[in-house]
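Have a look at this one before I ask anything.
As written, the chain order gives the labels A, B, C, D and E, with residue 1 at the start of each chain.
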Amino acid sequence: ADPIVLGCPLSTAFLYGWDAERAIKLAVEEINKAGGVQVGKEKRPFKVEVIDTRDLEPGVPVSEALLGVKKLILQKNADFILGGPIRSEAALAAMPLLAKEKKVSILSSGTLTPKYHKTVAKSPEKYKYLFRISGEAVWMVTGEIIPCLMDLGKRFNLNRLFIMIQDVGHARAGGGIIAKIMKKKGWTVLGDPVVYPTGATDFSMGLLKAKREKAQVILIWMDMPETSILLKQWNDMKIPALPFGSIIAAAEQPGFWKATEGKGEYCLANVVNAGNAPCEATPWTMKFVKAYEKKWGVEPEGYGSSSSYMAVYALKDAIERAGSLDSDKVADALKKIDLMGVYGRVRFDPKSNQVIPSLDPKEGAVGTIFQWQGGKRVVVFPPKIATGEIKLPPWMKK
Amino acid sequence: MFEANGLMVFYENMLALNNVSLACGNEQIIGVFGANSAGKSTLMYTLAGIMLDIRKKEQMAGGERITLRGEISFQGERVEDAKPSVRAKAGIILCPERRRIFPESSVLENLEIGSYLATREQAEETLEYVFEIFPALKAITRRLGGFLSGGEQQMLAIGRALMAQPKLLLLDEPLLGLSPAIQYLLAKSIKEIKEQRKTSVIVAEQYARPIMPIIDHGYILENGSAVVEGGRRELMDNPDVKNAYFGT
Amino acid sequence: MNFKKPKPNNGPLLKVSDVSKTFGGVQALSNVSFNLEKGQIMGVIGPNGSGKTTLVNAITGFIRADSGAIEYQGRNILGMAPHKIADLGLTRTFQVMRPYYSLPAYKNLIIPLFSPRARRTGGWRGGGKLGDRDTVAVDILEEIGFERDSYVPYKSASSLPTGYLKRLELARCLALRPEVVICDEVFSGLSMSEMASMLPLMERLQMEGITLIMVEHRLRELFRLATRVIVLNFGRKIAEGVPDEVMEEPEVKEAYFGSEEVFSYV
Amino acid sequence: MAKRANQRKERIDRGIKVRADGVYAISSWQEIGFLVGPRLTLILGLLLLPLVLTTAPYWQSVLGIVCIYSLLAVSFDFLAHYVGLVSLGGAFFVGVGAYISSLLNVELGLPLFVTIPLATVFGGAFCTLCFWPCLPLRGVYFAIVSLMFPLLAARVIEALDIFGGTDGVLGVEGFSSSFAEHYLPIASVLVLLFFLRRLVNEDLGLVLRGVKDNDQAVKASGININHLKALAVFISSSLGCLAGALLCHVNMWAGLSQFALDFSILPIAATVVGGSGTLVGPVLGCLILVPVSELLRDFGTLRIVAYAVILTGFIVFKSEGLMTYAARKYNQFERWVDI
Amino acid sequence: MDIIIYGIINSVTLALMALGFTLVYGVSRLPNFAHGALYVLTGFLAWFFINQFTVNYFLAGLGALLITGVVGALMYHLILVRVRGMAISEIIASYAIGLAILEGLRYGGLKGGTYVLRPFVDGSTSILGVPVDYQRILVVVLGALLVGMLWFFVNKTRLGLALKGMAQDERAALTLGIDSDRMAVVSMALGSVFAGLAALVLMPLGNIAVEAGYHVLIMAVAVCIVGGLGSWTGAVFAAFIIGFAQILTDVILGAHFQVVVALIAIIITLILRPSGLFGRQKELEERV
């Protein structure tokens, strides 16, 4: 039977691109092995068409990504768009195009901006084909990071927060919001967030400042690989403050330990959805982690792994229920989806097509915050799925 | 010692040198005289091998096509296909027209660069000699070449050529822009260079008056052909030459 | 641009007073003064590096003199931009020739002919209205010694030999219909026979009312034209006057020729 | 080609181009065909391509991109080879055009047929104003400063978080008819190409070339070179802004990445490949480079490598540029003659 | 205090990045836009040698430098020589080569933050109360040393002078027996080695990433131009101006404005001094 073409516009040279690519390929392989997708009466396999959009490469124009999406639709005859575009700007920019071409798309890696689903909610008719199955920034901050910080503060009696962010929109927005809320919650936020341009390689000034101001937690929001330098410097200078990565691409990867030669120990990182680090959120979680590790030789890496994997399954589910590949029908079916997945229950908000989050895997999609401990990623938040507890570096203990 | 036979140069379809032959013995001064566009510079470039380089550049840019024909031999060896740097190493040094000095280097540095082929002792010795011929340069060793006045640049260009320890010195319009006194002194020095440094010199000039008295042999170029040739006296006595190059 | 008619003034056309210029320690001009009357041909001579070109540059605005005053037609032009000075009719040639190498010779003249001044005046000899620029350009070149029907005016300037370039320099000035032309070594690089045609040309220019300043090293030819010369040495004016008299002054002899031997040669 | 002794290759002009009072004397139909042929090929070719490609909608949209890059390349070529200002800041023009057009469209609700011309003119004026203090700079110095402008503009918008910040301007109106979407860029390229070719051969164009060759002599001719340069920058940046405005409506989006280096570099590469100083060459260059880049898209990450290699190949083996080479071959024939 | 210390470190870092580019441009007027690529290449090669053949750092570095030098020389010999003198073609050709190298490395797996070189010396100390790691101190020392060496090479050695002559007027250099093509190969090789040296010293501070190539290129060009073409003092001064501008904005306005301020500093410097801090280009070109 004819394959169903999944077009994946991904920035494949970057973590948030290749994590999605690998996860999608894994899911497709599993599904095809099991016979494919039931469309009406026939079983059809999935076929993946990946196009490198390069949108995470600094300095590559977004129009590149748009052309990539266009190519998938017009030339590769993609039936559905999965995964990207990855960078928020690119994803936002692609919305009108996808709407114009009436393609069902499930965003599953990269893009965290709340603007995406808010835009969908604003013109639900126009954008009814656009879904996002991975987390978004507002919930991440208010639902996960803040509670985790509060926990941390209570446990170790910490309340001086220092914020270091990358010079990109989501980081600035995120950093700002965290600062505001934490202030309200009684923490001392030390000065304005320190902003680093993408590609910065020297963080000593900021770290020195943190030390001078007696910071106790350094909140980091950066999606550039150079962040590992920050942690090396942090360790070299023995800065007495705990690094907390709300988004910290470098520290999410299993290879981080080696890259920093262990100097990144104690760093906390948020990987958005459960399953991106080993844990037992649902029975499916470890199955996914194992399968991923078997196929690709590493544990799930970036924050787009489990969600991209689920995107394929969600699509399969929707197609089978719709019984056709028609965009309108599949979109309707997706809206009604209710699936127990790798990171909990997958349902979409009926207005904004955003996956519904929760702290409990039985209620919705759960997130994950882990800490590097002895070369392992130990999940510490949310409590329902945690596999360990937060520790402080020795030079912080008095 | 130096001989060129049947030189022909085409710029695209234009014949710039037509079957020119020229010879220069040991320790001789040869004069090449001609009006504008007679082909003097073309001849000098061809002798020094720069023409090969010009041709290469033109080819690269896809522009006009330059054709070279003829034989050149120096000290018994054929050099017409040799690169300019090889010829320079053999001792053929050109002091090009329009004073192509290095504008961003100081006068001293210009001379030092000139001594690329010389040994340290030679360089030091020649440096002094250059300052002797052109005392004006000595006062301005630290000034950038590009800021010099026209005449100063001309002196510097000649001095720099000397630094390269020429066995055969090709001077293309050396008098251009020099004050009369320096012109006179230069003519005298050319003779001195020949005698003291055992160097042969070929001078291309249109202003023949100061040069004529010092040459051993001369050629008159017209429209790319050597029309008259002869010893100094012969040329000076030739009425046509006298008319054209000495005025009345 | 519309300039007011200069006030009728009875002073000199160009009045240079006490102009000085140093380049980081090099005194290129010190307190040079002279007057230039309309219709004159004035020679400027001096050894190499004596500041002649610098003087030309200062008058035409290509460098800004440190002190002094330069008045042209009664108006102070010191510190004015070069193009404005040229627009007033005070133009110059360049010692190191600066043609537009990528253009054919006659197209070189389109540029001055395009200038506001040429449009106002019609170019050299133009009667106020500028005709087709190409034709005018070739006309000017012909007058100045490019054979009209030969290929020379149409050749690219980069392949022209020195002699023609010198004339092209002059032509570029004339195309502006100038009142004063400052020639910086236009004779050098010309052969005797070419000189023979240049001399009458200069005389003709003078007759047409163009005032000339000629910086030269070819003294013989210069002295046939110039009625007055000034001599520079180390940036100072050391003499001024009728050529023959000036040459007799010992300071000039000393500075310019060094020795009797040289003098007799010249 | 074998080197033959005592022979040389001669080139002779094919056409009998006689310049007489500003018109070409045309003697026969053959002559006319000879002169008009290549031009007609280009014009008709460009006009017909969208029709040919109706079955390949993707390539139709690529053609639009080709035209947009062509505008940029022509703008670069004009400024660099006819005025001597090598601008590495093409992206600045694109960005300014895109932002103006999209903001007018989104904020004031003007239709795109109004915003595009407005962005072209006002964008050009704005860019000229920005470049004004840099006009006296020469050569590489100008190039570098112009390179800084797009970087700076992007940074400023980002730092001050204006015009939508990093997200860009969303909801820009797209072309409603595909006819307009395909033909507007093509028409712009053709018309502007014609206009610029006229301009550079007019006297004004010559004067600009004079500025490139030797600005000192232009000054000595009583012409204010800063005004001329500003005029040239205006023309060139208007072209760039037009490209940017078109792009933002094609993409239905404008944002920071409109200032990306690609918009500066690719047009320059196209100019080098196509033949600099010919104006048509850059268009040709884009017609080759952009589709090549699209064809390579399937290579994934290897694409840029392949692209760079192809580009280098073009530059090395036809360093004069395709157009220069083709024009020479077309206009002249060669033969061996005895010396 | 920390401003001064880290300002100096940052400035020397910039100067190091620019050295190779300045060398090639200064002595052969060849804008080597593959500079950043060569920088990354050396780092990657060194990493490769260390991890694949487990040779020690010194040997690995030496090997990497050697290869980079050869790559640079070949680049000129095979490709750039054909577009010599056409500045724009040179830029595009070398940029394309650089792109091929960089993206080739990326394709070959150089992505993410997992590639790191170890510092020569681990650990840190504190100078006047400011913690500084040894590697950074080493950077400053080596930087100063290299700048000095280069200055000596260009101004005092025969080869250096010949290169300089060739850069200014190729044809005149030819008449003096300087073989311009060979010289350009030499300068490219040298420039590449210097790019590599910078990489070996600087990379242990960060990680080996493709993006660094683009960053280094932009910084090198900026430093070289702001300093004034071919002027060593200029390049060093420019590195300090830009370096301190960055650190100061970092402290006063926030790193946020770092790039904005650096860019504005560059633009203003050039508007005020049109041929860079120590360059005389404009005056020379306008001398009539």
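Assume a contact is a pair of C-beta atoms (placed from the backbone, for glycine too) under 8 Å apart; a residue touches a chain by one contact, two chains touch by 3 or more.
Just so it is clear, the model here is predicted, and its values are computed rather than measured.
Within the contact network of the assembly, the step distance from chain B to chain C comes to 1.
Common neighbours of chain C and chain E under the contact definition above: B, D. Relative to chain C, the most remote chain by averaged C-alpha coordinates is A.
Among the remaining chains, the Cα-based centre furthest from that of chain B is the centre of A.
Chain centres here are Cα means. That of chain A falls 40 Å from that of chain D. One simple way to say how far apart two chains are is to compare their mean CA positions; for chain D and chain E this gives 31 Å. Computed centre separation for the pair chain A/chain C is 75 angstrom, with centres defined by C-alpha atoms.
With touch defined as above, residues shared between interfaces to two or more other chains in chain A number as follows: 13, 59, 167.
In chain B, 60-61, 147 are the positions where the chain touches two or more neighbouring chains simultaneously.
Chain contacts: chain C has residues 53, 62, 94-96, 98 touching two or more partner chains.
Inter-chain contacts occur between A-D, A-E, B-C, B-D, B-E, C-D, C-E, D-E. Residue ranges on chain D touching chain C, taken from their complex, read 21-22, 203-204, 206-207, 209-210, 212-214, 216-225. By the touch criterion given at the top, residues 8, 10, 12-13, 60-63, 65, 67, 69 of chain B touch chain D in their complex. Interface of chain E with chain B (complex): residues 82-86, 155, 158, 161-162, 164-165, 168-169, 171-180, 230, 280-281, 283-284, 287. Only residues 31, 79, 82-83, 86-89, 91-93, 95-97, 99-100, 103-104, 106-107, 218, 221-222, 225, 229, 256-257, 259-260, 263-264, 266-267, 270-271, 274-276, 281-282, 285-286, 288 of chain E touch chain D when the two sit together in their complex. Those residues of chain D that touch chain E in the complex are listed here as 80, 86, 133-134, 136-141, 144-145, 147-149, 151-152, 155-156, 159, 216, 265, 268-269, 271-272, 276, 301-302, 304-305, 307-309, 311-312, 315-316, 319.
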